[in-house]
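In the two complexes that follow, chain A is the common piece, with chain B as its partner first and chain C second.
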Partner chain A sequence: MRIQKGIIIVILTLLLSGCWDETQYKDLTIVPLVGIEGEEGDITTMFAFPTFQNGKIEYSSSQGKGVSTRAARSDANHQTMEALDMAHLEVILMSADLAKTDFAPSLDMFFRTPRNRITSYIAIVEGEMGTYFNPPGNLKSEISYYYPELLRTVVLYSFGANFTLQDAMKTMFDPGIDLALPYLRINEETGIPKVVGSGLFSKQRYTGVTLSSSESISAVIMADKLNKYARITFEWEAKNTQITVNVMRVKKKWTIGTDTITASYHLDVAVEEYAPHNLHEKKNREEAAAFLKTSFKEHFDAVIKKSQEAESDILGFGRKVRAFHQELWNKGDWQQTYANIPIQVEVDVRLKLTNIAE
Partner chain B sequence: MKPNIEHVKKLVYETDDLYVKMIDWPYEEGIICYFTTLVDGGELNKQLALLKRQAEAKTQNWAISAASSSYPYTDDKLQNLLSLGETALIFPQANIIVAINLKKEQARTTDEPENEHVITGSHEGFIENKDTNIALIRKRLLRADFVVKNIYTGNKNSDIVTYAYIATVTDPQLVENIDKKLSAVSSDEFFTPGQLIEYVEEHTWSPFPQLLVTERPDRVASNLLEGRIVLLMDNSPTAVIGPVTLFSFFQTPDDFNSRTLVGSFYRLLRIFSLITAIFLPAFYVSVVSFHSEILPIEISKQVKLAINEIPYRPFLEAILLEVFIELIREASMRLPTPIGQTIAIVGGLVVGDAIVSAGLVSNLMVIVVAMTAISSFVIPSAEMNMTIRILRFPFMLGAALFGFFGMVIGLLLLFIHLLNLRSLGRPYLSPVIPFDFTRFKDIFVRLPFLRFLRSTKKKGVRE
Partner chain C sequence: MKFSLTPNQFFLIIFLLQSGIVFITFQTRLLEAAGRNAWVIFIFTGVFQYLLLIFYERQHSRFLPGPFVLLLYKLYWIYINVLSLTNILYSLSIWLYPNTPSIVLLLFMVTVSFYANCCKPDTIINLPVIIIPAILLFFVSLLIALPDLEWTWLFPLDLKDVELVWNGFLTSQLTVVGVASFLFLRKRVVTDVKMIGWPIAIYAGFWFLFFFMSLLVVQLFFPIETIAVVPQALLYLLKSQKVNFVERLDLFFLFIWMMWSIITVILFAFLIRLVHAETNSGKQYKFNLLIHAIFLLVPPFFSTRDRLDMIREPLLYLHLFIVVVLPIFVFIKNRRQKT
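Now for the complex of A and B:
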């Protein structure tokens, strides 16, 4: 009798409970790309996703409006066949206008649900979000493929670093370092979205200042966040030629004084392209190294200058200052201090590889 | 009452294959009787001539020879001897039976067992004759401490179970334990090793086999040398080995015939196959019904495409296909080989393809189930292989109800069960739990034999 009761209880438990968390994959729409624009309290969210019908993958997008990102998603859900699922999110595009306001709460949704990816990339776009979801040019690919691959390339070639959702938020709320996110603009000739550089943030807001793409690489080199390639091309006017180098290794040394900062860099570079082809001679090598030294210094100085203008400490001097130089840190607001402190850049370049077989 | 021909016939219910005649013998007449179907007549004549000479010489124990012995006459004894296939020579005056043991052998050759093929190594296998089987083992051991013990079970004293061990290696307590268990058995209908195992093992309701079953004499011999006990039955080619651990079921004699690295690779592969065979369908069900976020984006679209238009839940899909695979297996197992192959092809290829195009089951599920089925067949022991196949159903249920959480609960229960399991009183998960490093090393990889020997010399004989 007891056994029978037990069996009935077990069966009832199984039948009446379970499956609470079940989210059948076939009832979900995976969203690889999200675009957010508007302002806090009036958010428009766009979603691009694949749809699956009759054994074919097609691409579609949907749009929602609401007081918050989540509300906008609910709104979009009412206009989409299946529920929108952010678990496979790869890219978040944010309009520059939204980025200039206090946008952090709009990204809260992506952190709130444990199944969401927080390694998706986040980037800023210029102008209307709609044009990025329906670019005027022919992408020859779907946007939900295009943006993730584009941003992966950005990482691979060191155009930018640390712009996954997780890293970006961590950097943004760290008082000692500021955020730089890839900045996209529609190329006017081709009508295709293009990464034109990095948008600089000061505290939690976008400043409106952007680094050009070569400055972005320089910034990544200066922060020692190199990925596989960090190629940079210089115009060598004295020799009437160009030289392309790939930075292989960076040694940085920041000396922080009471009212000045010296950032010295030692770069190991490989020459990737140099038409005169004479670097096997020591004299030419030294000459090239000297040229590269000044060129890199110019670039680095430009990055420092721009970031100081924007009050955006993207290299993270503040972290070191906060940890070891309290008197400087306590001077006041760090971003203000950073903008006014003189920063000397010293560069030393060593040609490690000339890529010439003698 | 003095026994006579009529009486003997009555004792065996006048069966027609009984040969019973009066026979002339020095000093008195005797009755000779035997089943013609069981006894070799030609050999019998030679033996009778020998006994007659001994009787004429009036020696004290004239009835004793290499193939004969004498007993006081009783009806029961006569019935017993006849049914065992012996020839009974009855002397009514002296009231004794002289039993001559000259059985006609009906044995097949000692071929390699069908389900335990090896590539290199011995190709001998046990047959239905126990004496031959013991001879095959003894041939490999050739030592005085190899002990064979017979135990009579059943009321008629006709069913014999034999256990064998190496006296200097095996724990005497283990031997005593087995002896006690076998002596307690009393059954008249005791035919298969499976029934024998149920008497000996401790956990009848466990899905896990607690004794190793084999038809290979080399496997038996190596297990004996490691201190295990072997049970043999007449009329069955199957030897039962115990105590064993879970990991014994994943080793084959081939491991020791192949190169160390190769043997290790395949041993690891088998352990891996254990994991896929139990968990793969459950994992798939969990992923598509609970945890789709763990899929990489590249594959997620393909997965979605495959399952988007399947009408059933993944669990039903999995059950449908698993049952289908089990049906194919069960159907083709007992069919003659050519028909069995046809069934496998029709079942596997034709229906497998059709079931996907009909939209009942997704093609990913077919891959998962096929991979699971293949993994389960990798496990060398047929019994363990069945166990593993049964085990995946509860895991699938757990996965369908609670996702990964359900699988973990199932795994927890499985471990609790395995930890409680004993094989003839020895822990089933040894040497992992309780942990023994010297033996642990040898589970997942096959260590070079020479080094292995050195380590056993230090630590005593491994079990």
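Now for the complex of A and C:
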């Protein structure tokens, strides 16, 4: 009986094995927001985190410098009451200057440490990182809460796609596609950080070229990565009005030849806003569809033009080329081939819903 | 040792012996070895495994190994268990328990295996049933990644590179490692069961589907250039999925894999005892204690990156010898003796 009890005690002791790796919240500071700037070898990292003071949650920030992101975190740890923990990271902000360099090693700590979350969003900011941690305008919310919600909205409204850390790292290492990340700037009027478009990358580096908001939505539509909403407003000068549509469905077909690419799109759209409200007549619907067809084509052409100028294949034509058109792929560096190949865009729009009670 | 197996128990045990340790890691190793050819090479491996099973089934009555061959099988499985435990320790120390002393984790696993192997054989042969829900859960979790798959990553293929194809084929043998158990367990299956035809085809099909699907999902989820950066691609894939019921799907699966692996270790220990009992009558308690002492003492020595690579290196060549060469040798020897 004694032996049996002894065995049970030994086995139960083994179940305590988790204790060595127990991590208590009181010993850690959970960091939901990180900002990185500088260049590899001289990195400055800012951390925003919640603190409990006088029974209330308040947000604070800390800064560290070092030769790498990890070293910068260690430096920041020396100025924080508790150790900074990245396991629940929600947003990584990266300065545009850092993004123009070989920044992948700066993200390695977040991407490859098994404890860390890899579904955090990543975005580029223009100017000093400190401004984004202490914006001049009144945010009416804490920054640790503001940026994750802002970027969730970007996803929801299809301003951007594939910009979690996991997606960004995968895209960066894939030679058949280039990265596009949300681009933030401080609004001069309000002093509040705003997503103004998408920064285009070429071969793992930010090119300095950005797509505007409407071009960013167009790029998401062209890549067929729609989220819940993909609303876009066009100025209809001939009718002296505006029309807002939500793209419901995209059918894309890319035909790749030896020296040209044709990208055909069929879009199902729902009209969200149209003041003349005369779409119950077939003739008007056809007219609106024709206008939308031309307008979408203009937007899509603009995306192609800008991405070619930046040598940034954000739509991923290269993936298809590498898989099925080796002759074209082997012509040389894909980004340069992409920049020079004529790309023909064809758009067909079906006005599926008018969304206004008739 | 007296026990008998139903065909379902028989195939479930073999499936666990084949999948237990490698199902979470083989994709990365195969993709590293074969590049984009991995999926085509695995189809060859599927055919190889099917033909091997048919060959075993046709010849199993002639499989009457002598004491030396039995010793080789025992040593091979001891090696497999040591390697498996070392691999588990290494993975757990990276992903789950970086601060827990490896001997504590090992003591936990080896004690469970020792206790199970002290029980009646019926207890052990029913253990794999625990894993059935986990297999289904694993399939469903892979399906979550479906919208993120990129089909163009299947091409271009480079099957003209013989070295690449051979390396891939050799690495894909990781998934066939436990198949030699067929020869020892087949005679325990209740009589009057015809295995050739549907039973083997269904088992080989399920085995193929299980491994092929996990390989395909990993290959279509990561660009081939990323594989070198993410050492355990399947865990990264699971980690990148957002689900409501659990914050980290990879950790959830690591626990399942741990359970899966412990049952596999128990089954390999059971096989070793089974083979030992063929030439040694009497109580098996001391032998059981001895092999578990080996499982407890040897793996911590090898649980560093260099040493793990060192003991992992000969596995595939040893495997081909044990699974193909040795059985053929035994079959031929017994045929000659009969004539």
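In this section, the second predicted complex is superposed on the first by the 336 of 358 C-alpha atoms of A that agree within 3 Å, B and C clash if a C-alpha of one lies under 4 Å from a C-alpha of the other, contacts with A are read in each partner's own complex, and residues count from 1 in each chain.
Everything below uses one rule, namely that contacts are C-beta pairs under 8 Å (C-beta built on N, C-alpha and C of every residue); 3 or more make two chains touch, one makes a residue touch a chain.
Predicted, not measured: the structure shown is a model, and the values here were computed from it.
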{"item": "Touching partner for A:Ala323 - first (chain B), second (chain C), both, neither", "value": "second"}
{"item": "First (chain B), second (chain C), both or neither touched by A:Gly176", "value": "second"}
{"item": "Partner chain in contact with A:Ile118 - chain B first, chain C second, else both or neither", "value": "second"}
{"item": "First, second, both or neither for A:Ala238, with chain B first and chain C second", "value": "neither"}
{"item": "First, second, both or neither for A:Gln166, with chain B first and chain C second", "value": "second"}
{"item": "Which of chain B and chain C A:Asp21 touches, first, second, both or neither", "value": "both"}
{"item": "Contact residues common to both interfaces of chain A (with chain B and with chain C)", "value": "14, 17-18, 21, 117"}
{"item": "Contact set on chain A toward chain C in their complex", "value": "10-11, 14-15, 17-18, 20-21, 112, 114, 117-119, 164, 166, 169-170, 173-176, 319-320, 322-324, 326"}
{"item": "Residues of chain B touching chain A in the complex", "value": "287-293, 295, 297, 300-301, 303-305, 307-310, 313-314, 400-403, 406"}
{"item": "For the chain A and chain B complex, residues of the former touching the latter", "value": "14, 17-19, 21-26, 28, 30, 32, 50, 52, 55, 57, 85, 87-88, 90, 115-117, 148"}
{"item": "Contacting residues of chain C [partner chain A, same complex]", "value": "94-101, 104-105, 107-108, 111, 150, 152-156, 222-223, 225-226, 229-230, 235-236, 239-240, 242, 248, 250"}
